[in-house]
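Please find the structures below.
Shared between the two complexes below is subunit A, which has subunit B as its partner in the first and subunit C in the second.
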Partner chain A sequence: MCASEKKGIVFSSDAVVAAVVLSLFAVSFAFLSAKSSQESHAQLLLKKQAGDMLMALDKTGGLSAGNLSELNSSLAQALPAGTGWNISLEYYNYSGGFMLDRQESAASGQASARSAVSAQREFLSLSNGSVRHYGVARLMVWKG
Partner chain B sequence: MCHEKKAQIYSLDFIAAVLVFTLALAFVAAFWQNSMHSARSAIARNSLTYSAIAASDMLVSSPGVPSDWEKNRSSMASIGLAAPGSENELVPEKIRNFTALADKTIQDKLGLRSGFYFYIEDMQGARLHQAGNSSISSERVVAIERLAVLEGKKAKVMLLVRE
Partner chain C sequence: MIAMDKVKSGMVTSISVVLLASALLALTYAIAHYSNSNEETASRLAEMESVSLQFDSAAWGIRSLERSGAINVSAKYANSTTNLTFSENMSSLNRYSNDLSHFSDFLAAYSQEANVSLDISRARLSPMLLYVSPQNITVNHSAGRVGFEPQAGPGVLGYEIQITVPLQLSDSLAWDSQANGSGEDALPVGIARQGSNGAWRDNCTLSRSSNSIVRLVDSANNTIATMQFRPAAALDVFNYNLTNDLYISVIVKLNGSVGGVELGKDIITVGRGGIVKQGKVLVYAG
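Up next, the complex of A and B:
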């Protein structure tokens, strides 16, 4: 039998090695790209800042007072420049169960869905040492 | 009858193929080098940002160990400026003791590998307390801004860490 009439064969080990090398290249590239992404830390910091904001508003009496114009100016002053927000407050009475008494909300603009993060805080509104309302504050913040 | 043709090298084709392959390889190598350089610097910056966030968390959320370390600075195992059991509520006595510490001690306790500048200001921007090297503000830094309560009022806590 002559050499030119030999049937072709696929060297499967070569193909496997090539596929492995290509996969390693793609995986390492994706891994490094993901690790170098700034996004996660910016979101983490923004979430912590939202939590800080609610905690500070609670401890300075801003949440229990529920004065929206004061809350708006506090948020504008305290949040880092270029940060948008949307705050909602719910006040409940308790008599055998929680009953919604009133609801307030304010926003600086339209939330950017891609980068928005939120924080929530439960608080008490006191009057003469007794509980007037049980409240829930939700703050959504975003950059840009 | 079988045709036993000899193999031939078409030198012009071969040169063109080598040229194209070399160009493609050079392009991939340059792209890879550039990507690796960007990734390396972004990873270093991310790691720095992460340690700065952790350090700011330690300062505003924890009272430190022991929780009354300000009474005996030499017993301090970890720094924290918050009142025990009350996150983000800063204790003036702890802050005064913190700012009196040597920069190197603060850096080590906060787990920072480079220079830092820390300050607390009121909502009108008046600087109330500071520690570290203020000149790094003009360099490339990672800046972490947190909000806390100091003596019943809101205060901004800033931590700048040099890249």
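Up next, the complex of A and C:
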């Protein structure tokens, strides 16, 4: 084998190693990028905002009152600009078991299925010292 | 000589390529590991958030029930002493117990996560217990009875009891036994009552270490409520008038300031995966 042939084999091996490493790197990078766009901390933050909103609405009496225009107004004020929402409320009576008494819902627009997250909170509606309704509030939020 | 130099140069290039490739692979592995741990952290945070929200939902519900009529606790601090007031309608404790039991069932049936477990069973145990810290006093509620039990030390300086009942009351209290105290044994007590026919008030200084029993009676001499003072400055109020509303407000005069009044101990447990949050409901925070 002459010197130029040996040199060619070495260069070819270098090129193959470089190509394999580059391919691995490119595939890993693409995989991680795709993963980070699917489940980012932004989703977690959005979910926390939804939970905090429900907590605030419960503690200020908004959920038990069930006034949808007031709830919409509170959500519009409190959620960051560009955030859409859909809130649904269920009110149950107790009579040997829990019976659905009424159901309400309101939305700011069409949910973006890709980025929508939801939170739920159970609450009580009280009147004259006793429970009027046992309620469930579900809030779905998404970035527009 | 020149050919030898070229071989050396080629080897250096090859080694450099291999080293660079190894470094890139190591970097890829590190990024993948970091990304994976980030993902795990996000997922763990989401679980913790879910547990925390569920806990808050249960705690707020119980606190709302407490405040809606079962019992109201407030405090005033002045001159190194605290007047801690417990106000309640003694006839409505059964309603509270039923509402709490239904709320517990509701949470079990409708809570968001199928694998979130709630255990507020200790909140609906009878008697309902409140703990006053740091004075270490238990306030014990059961149907027709509320008891104040100092666990240790001279935490309780005196009692002020106010009873309101929509009945014709006798203008005097009926003492079954009265042990007066003085000096370090003195326990100042004020008993005010309001009926449909007027309002009265008596002050006395009882013994901290002896029994005294006094009854609130109506105009026909029927017993409406009994107040029993026991050793170590303990007090039990018994309500025999379960058909009418009986509003009672007991001001416990305490040494020092109150840190908090909590319902039960660790009455709520929320678990999800390996995360468990267990805690109490603060009825009053100092």
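We adopt the following convention: the second predicted complex is superposed on the first by the 107 of 144 C-alpha atoms of A that agree within 3 Å, B and C clash if a C-alpha of one lies under 4 Å from a C-alpha of the other, contacts with A are read in each partner's own complex, and residues count from 1 in each chain.
We adopt the following convention: a residue touches a chain if its C-beta (ideal position, glycine included) is under 8 Å from a C-beta of that chain, and two chains touch if they have at least 3 such contacts.
Keep in mind the model is a prediction, meaning the values are calculated, not measured.
**Student:** Tell me which partner A:Thr60 touches in the superposition: subunit B (first), subunit C (second), both or neither.
**Tutor:** First partner only.
**Student:** Would you check which partner chain A:Glu122 touches, where first means subunit B only, second means subunit C only, and both and neither mean what they say?
**Tutor:** second
**Student:** Is A:Gln49 contacted by the first partner subunit B, the second partner subunit C, both or neither?
**Tutor:** A:Gln49 contacts subunit B only, not subunit C.
**Student:** Now for A:Ser74: first (subunit B), second (subunit C), both, or neither, which partner does it touch?
**Tutor:** first
**Student:** Who touches more of subunit A, subunit B or subunit C?
**Tutor:** In the superposed model, C touches more residues of subunit A.
**Student:** Does the superposition put A:Ser130 against subunit B (first), subunit C (second), both, or neither?
**Tutor:** second
**Student:** So in the superposed three-chain picture, is A:His41 touching just subunit B, just subunit C, both, or none of them (first/second/both/neither)?
**Tutor:** Both partners.
**Student:** If you lay the two complexes on top of each other, which residues of subunit A touch subunit B in one and subunit C in the other?
**Tutor:** Correct list for subunit A: 3, 29, 32, 35-36, 41, 44, 48, 55, 59.
**Student:** Please output the residues of subunit B touching subunit A within their complex, sorted ascending.
**Tutor:** My answer: residues 2-5, 35-36, 38-40, 42-43, 45-46, 49-50, 53, 57, 60, 86-89, 123, 144-149, 152-154, 156.
**Student:** Please name which positions on subunit A make contact with subunit B in the complex.
**Tutor:** Touching subunit B: residues 2-5, 29, 32-33, 35-38, 41, 44-45, 48-49, 52-53, 55-56, 59-60, 74, 77-78, 80 of subunit A.
**Student:** Under the definition above, what is the set of subunit C residues touching subunit A in their complex?
**Tutor:** 3, 6, 10, 13-14, 17-18, 20-21, 24-25, 27-28, 31-32, 35, 39, 42, 45-46, 49-50, 53, 56-58, 60-61, 64-65, 68-70, 89, 92, 95, 99, 102-103, 105-107, 109-112
**Student:** Enumerate the contact residues on subunit A facing subunit C in the complex.
**Tutor:** Touch residues, subunit A against subunit C: 3, 7, 10, 13-14, 17-18, 20-22, 24-25, 28-29, 32, 35-36, 39-41, 44, 47-48, 51, 54-55, 58-59, 92, 94, 98, 119-124, 126, 128-131, 134, 136.
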